[in-house]
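In what comes next, subunit A is part of two complexes: it sits with subunit B in the first one and with subunit C in the second one.
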Partner chain A sequence: MNLMRRIPPLLPFLLCAGVMVSLQQLMRATGTQYCLTQLTMSLYYAIVVMGLCLLMGHAGQVSLGHGAFFAIGGYTSAVLTTHNFSAWGHSSLGGWLQQGRVLIAKEDVFGNAILTVSPWAAFLAAMLLTTLVALLIGYPALRLRGHYLAMATLGFGLIVSKLLVGSTLTGAADGINGVPPWPLAGSLTVTGKTAARVQNYYIACALVLLLLLLLRNLLRSRIGRALQAIHDRETAANAMGINTAAYKLKVFLLSAWLAALAGVFFTHFTGGIGPSEAGAFKSVRYVALAAAGGMANLWGVTVVSTALNYASLRGWFGSLDNAVFGILLIVIITLAPQGPLKPLGAWLRRILGLRNLSEERLERS
Partner chain B sequence: MNPALSSTPFASDGPSTASTAVQPLLEVENVRRSFGGLVAVDGVSFRVLPGQIKGLIGPNGAGKTTLFNLVCGLLRPDAGRIAFQGRPIEGWKPYRIARAGISRTFQNPSLFLQMNVLENVMVGRHRRARRGFLGCALRLPGQAAEERAIRQAAMQQLEVVGLAHLAMFPAGSLPFGQRRLVELARALATEPRMLLLDEPASGLNTKEKEDLADLIRQIRDRGITLLLVEHDMSLVMRLADEIVVLHHGARIAEGPPQVIQNDPTVINVYLGGNLDHATSSQES
Partner chain C sequence: MDPGNLALQYFLSGITKGSIYAVVAIGFNLIYSATGVLNFAQGEFVMLGGMVAVTLAQFVPLPVAVAGAILAVAVVGCLLELLFFRKLRHHSILHLIIITIGLSIVIQEAALHLWDEKVRSLPYFTGNEISSVRVFGAAISPQVLWVLGAVGVSVAGLHVFLRYTLKGRAMRACSSNPEAAMLAGINISNMRTLAFGLSAGLGALAGCVISPITMTHYEMGGGLAIKGFAAAILGGLGNPMAAVVGGLLVGVLEAASVRYLPAAYNDVSAFAMLLLVVFVRPHGLFGAPAGAQVREH
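Moving on to the complex of A and B:
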């Protein structure tokens, strides 16, 4: 945050975009573009962690249930875009929905005519459902603090994951396959097809950059300060006229939206979703990644989460995945509790002969 | 009920010093609050007139901070009435009371330690700005101007307390006395009608106390009414227009400093001399 004031505000974003493009070019040159698939998935996962950065790092509210919001987003999209609604086709409501392009006619793999919800409509439904669930869970849960809030959200995640496994609508333990591509606009389509791999990598990059920009704006405003105030001293924040309960609920909702948004994109990209996405283990991993990235450091959590998830998805850690993951997180958190980016930045500044900003500030004042 | 209440000459007068012509800014009427078996505040009444500096004193455990927390909404009264500008506010959440125009400082300065000094004061401007989540995330037109206005107003308050040169310092790096002042600037930034100061002089040295007294007078001259809880008797006696004395949760005296200074009950309570009084208050 302090660093930003001296550096042109958009420079980090341009740098990040530059790195994203170079990575793709590097992979093209070395013939490893298939790796872009895992990188794209990691970017979508990073969006969930960005939401947690906001919720936990800035507003100080713990959630061990964000995997569930990711799953609610993904599953709503998956169910609506794969379920056959042709029974509705002849009703007036069905006709009306078809005219509004909410329901679209197409053929299934066997050539039968089916009627499914369009991806955009499914996306809106997913966000709507997420809103409903987040408010329903957040309203009572956010009256709790610390460990109690963590337990409540963990319980919520477990319930969602058990519901998904137990319901045939969501494909039980198999999850849902065959989720269609999501035509965003023009020729931009969220899909896992090999031909669209590069395009989809850039869609994910653009989404992540856009969200980073919006969140940075939010955090450097009266809203960001109010959230930080709630984190630091809730009583004092309330005494300053901040409706702390409402703010906590709003930021919980916002982080749930981010998780669900990631879930929807992820599901269309990979063409399916399974119940493990809602599991407690996933939720805990998101929290661990946020912690490893420095919790309140938006850039840190994004970079760390993308890198570690990528390594994990590429299978670098083999069957020891969780163990190596855990060790890495412990090392980062003990050696650099603010995330690896801040010490790295300080080191770079020293190397480049730039003076420490805080020293400079002391002199100015 | 506390027998000490009926045994004092001043309590029976009621809030006599309050003129009937002016509407009081804050009215506290028969407010009572207990924690389990302990009655912390027992039927206390007093009024604060606009433009006054009202002092609230009493020995440790007299219920001063509890009463304070009742007024600013951190605690709910079990019974009684609290009105601000004629409007009942008892049972309101602290943020609503803050928006109604009552701001406060805490006994232990509670700054937002992960922010710098200026940002702390900028939080005080929260209720004076409007942009919500969407407006801030999208930087909608006017947001930048609003942000600048917040920064300027906060800077002004820092100048009032004389800490403008520390604006960019981390709040956690300041010594105790300066944290007090930052907190005061933050409370002033909300543009309150009334300011509640919880032991503003505790932990300050003599010089800092002098500066604080000047500052409090300045604040009053700007038209802000003050209610202060204070242990430092000489400071309260010099500053306050009127003083309420609490003992064991009950009001035992109220009046101008000269009267309070010579009040036998108050002297007894502070010097612990009168055996009768000590036994009677134990019975309560």
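Moving on to the complex of A and C:
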């Protein structure tokens, strides 16, 4: 076994980075760089699906409520960075927060001085709120199995989306617009401005690659193997001494974080967010994309969800968009239940004479 | 109108909607028992039933149109099983469920292109929009009685079918132990087709009787599937009669939240209650924990 040639561990990442760069170069050469905007959005959506890949494909728990976590992340950021906190400005707490750069003073479009939360602080708040909500809903929900869990998460998602539509703080049915750019570090800024389009595309690419690397390492660790055991047979995993409840809660939290992270980046990138992001249809769509990508196949779900989301954001299929999505879903799952990348990868490996040790481990019904 | 009557009015409207959720939940249960799959296209059967009946009613008398719609949709249900689920039996359950989601999207889009995005409805079975019957001081449309009657009769019929006929008992045998049923000479595949046909036909009937009240629209299936799923879970999966209680409960909860909360939050309390129930009783109100666990592996 050791003598067999294996794929170098970083090769897929280099390959993926290569594809990302050449896509951008191709678009520049053909003068279609405006497409990068939709590609960037699809990459952010893909992060949600990556979280579901972990939760569904590796821990075997179904969530029909991840659109809600995306929305919680996005909305927290959007509300905090656009809401005027100037009433706090004169209190000692407000002054203290201003010194700590949590609250920043600036001018709104009418030239009035306003006080808003800085994007970084809003990001931290979003992740904190997500953690709280995910633990609150995850703790009782993960005692449920299979379809009951699906129902509980679906109900949670519906409640969140109704609350977003019903509350004036979140802009009711209109959502929130005018979310400011997010200066990450130096001149790197998450914004939808045309001049920063290429830069933002690479920010999204880097984020996706980094998360892929981290998740792959996580899955190849003790934690990944424990999740695998839970997926295959929960009772047996329990008997082996794996604290299934704790692992399930942790992986649920992790996937909620990923969804919220995607939501924050997405909101700063597009400059706004609407209540449809939390809708049941979105959540179901994420699950469907994860399934179409092969569920447990991290690369597969990333590629498939980016490609399908890109196609529908660009409006390739016009009014038939939903129909094509449904048909593709059925075709992919009927013909390649492990995801389209799996047979492709096996074929490539046969051609190149390479073997991948993780192949047998990832094999599952 | 005094508050008591108003409450009764809301209660009755909850029961009416709830009985439709109950039918969808029964459909979920029939297919779940036979195949282990949750069919998210269940709501589309209701939509198709209404759509086909509205179209047929232009040419033939209403009862014939309704019967035709039920038959046509039942055939669609059987076809779905024959074309997809029979072929894909070796796929994992989760994959099959995702396929039903795909099917529901495709059926919805097909309905949009076959008909259009307009809202349509069947005429009232008796009387019209303004005629009403007084029940304990609350005024209700005669169509409500039609809904309750049709649902009641079909639920009773289903109960008799499952409990006292050979076919029905064979179907129950398939759901409790497929291998043993096969050894006893039951054709499991055909039983699955029958389950799809039955639940599609039931859905279509619900779609016809509710059409004059809530109208028929190509997008109505998704919402009904979610509520029906909630009802099935609330009652406990695998028990069609518990689904009736689940459906009525969801309907009444929904009506109560319309009565007491701002309209924007209409589903919040219903789903919050549902979450609470499921958290307290992880296998639904009448579900059996042991059975559910065995089925999962």
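The definition used in the following text is that the second predicted complex is superposed on the first by the 343 of 365 C-alpha atoms of A that agree within 3 Å, B and C clash if a C-alpha of one lies under 4 Å from a C-alpha of the other, contacts with A are read in each partner's own complex, and residues count from 1 in each chain.
Operating definition for what follows: a residue touches a chain if its C-beta (ideal position, glycine included) is under 8 Å from a C-beta of that chain, and two chains touch if they have at least 3 such contacts.
Keep in mind that this is a model prediction, so the values were computed, not measured.
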Put the two structures on top of each other at subunit A: do subunit B and subunit C fit, or clash? fit
After lining up the shared chain so the two structures overlap, which partner does A:233 touch, if you call subunit B first and subunit C second: first, second, both or neither? both
Look at A:221 in the shared chain and tell me whether it touches subunit B only, subunit C only, both, or neither; answer first, second, both or neither. first
Does the superposition put A:166 against subunit B (first), subunit C (second), both, or neither? second
Which of the two partners, first being subunit B and second being subunit C, lies in contact with A:14: first, second, both, or neither? neither
Touching partner for A:344 - first (subunit B), second (subunit C), both, neither: neither
Anyone got the angle at subunit A's C-alpha centre between subunit B and subunit C, nearest 10 degrees? 70
So, does A:148 touch the first partner subunit B, the second partner subunit C, both, or neither? second
Using the touch definition from the top, say if A:334 reaches subunit B (first), subunit C (second), both or neither. second
Just subunit B (first), just subunit C (second), both, or neither: which does A:136 touch? neither
Please name the chain, subunit B or subunit C, that touches the greater number of residues in subunit A. C
Closest Cα approach between subunit B and subunit C after superposing, in Å? 11
Do subunit B and subunit C land on any of the same subunit A residues, and which? 233, 365
Subunit B residues touching subunit A in their complex are 72, 74, 93-95, 98-99, 103-104, 106, 110-115, 119, 122-127, 129, 131-133, 136-139, 143, 146-147, 150, 165-169, 186-187, 190
Subunit A residues within the subunit C interface of the complex: 56, 62, 140-141, 143-148, 150-152, 154-156, 158-159, 162-163, 165-166, 172, 233, 280-281, 284, 287-288, 291-292, 295, 320, 322-323, 325-327, 329-330, 333-334, 337, 365
Of all residues in subunit C, those that touch subunit A in their complex: 38, 84, 87-88, 91-92, 94-95, 98-99, 101-106, 108-110, 113, 222, 226, 229-230, 233, 237, 262, 264-268, 271-272, 274-275, 278-279, 282-284, 292-293, 296-297
Hey, which residues of subunit A end up touching subunit B in the complex? 214-215, 217-218, 221-226, 228-229, 231-233, 235-245, 250, 254, 296, 361, 364-365
